[in-house]
Amino acid sequence: MTAAPLRVLHAEWTKFRTVRGWVVGVVAAALMVVLVAVLAGVSSDQRGAPAVPIGRGGELVTDSFFFVHQPMTGDGGITVSVSALDVGIAPDLEPGTVPWAKAGLVIKDGTRPGSAYAAIMVTSGHGVRMQHDYTEDTAGLPGPVSTASPRWLRLERSGDAITGYDSTDGLRWTAVGTVHLDGLGPTAQAGLFVASPDAVQGPGTVPSVATAVFADLRTEGGRLTDHWTGDRVGPEPTGHPPTTSGSVAESDGRLTVTGTGDIAPAVRASLGTAGTIADVLTGTFPALITVIVLGTLFITTEYRDLIHVTLAASAGRSRVLAAKAIVLGGVTFTAGLAGTAIAIPLGEHLARQSGVHLFPITPSTQLRVVLGTAALLATAAVLALAVGTLFRRSAGAVTTVTIAVVLPYLLVAQIPFIPDVVTDWLTRVTPAAAFAVQQSVVPYHQVTSVYTPYNGYYPLAPWAGFAVLAGYAVVSLAAAAVVLRRRDA
Amino acid sequence: MRPLRTAGIVVAGLRKRYGQTRALDGMSFTVRPALVTGFVGPNGAGKSTTMRVILGLAAVDEGTALVEGRPYRSLRHPLRHVGSLLDAAAPHPGRSARNHLLWLAHSQGLAAPRVDQVIEQVGLTPAAGRKVGGYSLGMRQRLGIAAALLGDPPIVMLDEPFNGMDPEGILWMRGFLRSLAAEGRAVLVSSHLMGELQGTADHLVVVGRGKAIADTGVAELIATASRNRVALRTTAVPDAARLLARAGATVASTGPDTITVAGLSPDRVVTLLNERAVPFSEVSAHRATLEDAYLELTRGAVEFRASTSAEVSR
Amino acid sequence: MRAAVHAEWTKVRTVAGPRWLLLGAIAATVALSTAVVSVMTCDAAGCGHDATRLSLTGVQFGQALVVILAVQVMSGEHGTGMIRATLAATPRRTTALAAKAVTLTGVVAAVGTVAVLGSLLAGRLILPGRGFTAAHGYPILSPADGPTLRATVGSILYLVLIALLSLGVATVVRDSATSTGVVLGLLYLVPVLAPVIHDPHWQRLLHRLGPMSAGLAVQATTDLRDLPIGPWTGLGVLAGWAGAALLAGALLLRRRDA
């Protein structure tokens, strides 16, 4: 004979699977996730759009800057001093602050955007940095540069190892770091670069242009041509005044170089055309509404007449509620898992075919997104079950849960001008925090950007965000259990 | 000039299918004024469906149902023509009985005083302001009856009005139905238990498998069912049953020491028992109850019937 | 018809549910509007906000309670079986549905007027303190101003049409949880799905066809050229949805057994 709790569970499972509408609903929820992924894939056509450079780790990157360079074969070094780095902000190039405007030395595997590089640079707001391969960043001397307080920079290649040094006087040098650029060919492009990323203004960004003054340019070792060429790497900027695409001018041994762009990992605001896994999974929304309806019906239909039967047929009412939650959670989790597991590869494939770039994700992130989305659906369904028990009214319960989960998301994800405080609060405190489980884009400290939920960046860590929703579900379920025990059926 | 109206309800040749199931299969009968017409049959025989068809709630594939000679849907203030109590038309639990009747009254262009009258009439006055959600089943039935009386209709149709009523309520209901008929109204009362209608109904429409299998007066029905039956009291039920069955009778046990014999005259029964020396204490002509008559009629028409272990004949 | 409307009105006023939902709709609308105008700032001329529209943001919240009310008016009766009493009392089914629609229209229009004017008042009182001043190009909000009047009247009509859409859907679907899900899906999915559609033509089309995105265009008072759809045309699209839902509901109500 089966133990009592298992019998209750079995009874609830039988109840669920024998209502055809509910089974259809669960399957429909999974299908919606897949269908929207397909819709997103086929409705987009970016086959003519410029290619997005891809870094060595497969990540989408920004690689556009002004490059004063010459080929350098074999081991060698390059030294320069920087005495000024000024930034102008579009449209009138008024002086402004762009903390990650950068100017310095770079050794790069050719001028193709996305190729490997190592660089040492001064920045507007973060002192001297050594960076390589887009995502890596090491701090050197702090403080800004000026004529009174210039910085000397040196970059040395030895095999595939590149070491960056900084100095305040050109005499005493400190090694900032040594990095290895695997597979760097014998001849690399070496020289000066200037880049200035878009400045964040309110909910959006505006282009900026940096001007740096270099002096004391020397090369050592290696075979160089001693003929410097000024080139722009990456696409010409759009919307800038034409003169700001980049330039180099020499006078009195000083090189004045202007440039715009960035050498950094791409983020959502800098690459609006690229999609994320969360975009592919937008079908989560119709699926959510469907499972919320199911969760509500699973209890409110009982109130029509059956609850007397159900409650009379089993000893503990809380046990019935728990059994319902387990069955509902299990079924919706499974549906979510199936839907997401199919939708992601399918959506990715279709998006790529349409020429849409997706921010790549690691297998572990992908696993988290799949499990997280399934858990999000299951928990929302259980929340609806609990609210349905408390309200006993279907329409009210469905609306409450839908509004609690969807409306905050709509406000933060659809309206870019909502102030950050509000967005932050909405995505920390409301059940919509759980959408963090779908976040696949990563914020980088070396890229100043709009890291808001609107752009796919949530204030809470993925599972912490999920925990907020889970908290609502657990509290509601507990309240429902108490109410159910006290109330006359 | 007003068209001549047929009083009461005339149901003619109703047919209706739900997928493969034939819910109504040529249902025809008439409900006449000043009589209580019992509408009986096993559950699922089509009683509620027929009533819903009469009220225009369900459509039919064939046939007509007319109240006072007109289709229900053409009535401007239908509750002034037909008052009805439907099993499944529950009022909103959060509304008071009085307010439930009030919206119904307003839908018929009737005013509030009429509501208080019918509440008084069914004896709900003390509870009229309370939410219907807290009502007992019996109170709900009274509320339903108040709703049926609201338009002072010449026709009253009640679906299983005895459901959930205590013995006192049942008694009240019977008297009440009689009084409606005495006022000249045509009354149609459905029930799946014939016993409830005994002593109340003047006329019976017995239904089975979607059609009327009898449309007759109560007295005639009982007479038909009593014909050719012998009640026998004996201490040797098995012996008597075996013997009489072998002689061609249909035997049914009706108690620990009583059986009913059909197909043999009382004299023949006595002769047979004496020949074989089977003891018996009483042989009499059987007087059928309405229930018996009903069971006899519906025997072939019952779709889902539990196997009757009481049957003794072999 | 008059008697049927009278009956529906009696139904609405004699249970507590609708009363609370209607008060809730007012509270939700005014509360969200107040919250939104309290956090917005405008520190320069032409900061790009539509002050009227901001003040009316709460309609997006208030409509949820209107949806519940409208769905309950029909689905609630299906849930208890009372629909049979209603249809027995008013056997002409189109009349029965029309009576519900008329009653809802009246009730929601009255409540919507309070909610929308309350929101506008909140904007009028709060926005000047947040930098929305005449100096920045924002005169004090007034319903006497042409575009603001359109937005005000339009928002009230929007709520009425949402109620009618919900009533129509509930008449088709009958079950209240499913009806609510369908209505909320219709309203909220277009804004959620649109950004996924990368093709700008389809995206614009979706915004034009979505009952909420098109209907709320009536709240716009500035940059009308940039809207996917004109204010009245947008409301017309929503009216089309509501009309189609009611028509489908009426046809099914006539055909189906109760």
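Chains here go by letter, A, B and C, matching the order in which they are written, and residues are numbered from 1 within each.
Here, a contact is a pair of C-beta atoms (placed from the backbone, for glycine too) under 8 Å apart; a residue touches a chain by one contact, two chains touch by 3 or more.
Everything numeric in this text was worked out from a predicted model, so none of it was measured.
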Busiest interface, counting C-beta pairs, is A-C
Taking each chain's centre as the mean of its CA atoms, the one lying farthest from the centre of subunit B is chain A
Centrality ranking, top chain (CA atoms only):
C
Quick one: report the Å distance separating subunit B from subunit C, using the average Cα coordinate of each chain.
50
Chain centres from averaged Cα atoms put subunit A and subunit B apart, in whole Å, by 71
Taking the mean of the C-alpha atoms as each chain's centre, how many Å separate subunit A from subunit C?
35
For subunit C, residues contacting two or more additional chains:
17, 76
Interfacial residue positions of subunit C with respect to subunit B in the complex:
3-4, 6-11, 14-17, 76-77, 80-92, 255, 257-258
Quick one: in the complex, what on subunit C touches subunit A?
17, 36, 39-41, 48-49, 60-61, 64-65, 67-68, 71-72, 75-76, 79, 175-181, 184-185, 188-189, 191-193, 195-199, 202
As the complex stands, subunit B meets subunit C at residues 52, 55-59, 72-73, 75, 77-79, 84, 86, 88-96, 99-100, 102-104, 106-109, 147
Sites on subunit A touched by subunit C in the complex
36, 39-40, 43-46, 273, 275, 279, 282, 285-286, 289-290, 292-293, 296-297, 300, 304, 354, 356, 388, 393-399, 402-403, 406-407, 409-410, 413-414, 417-419, 421-422
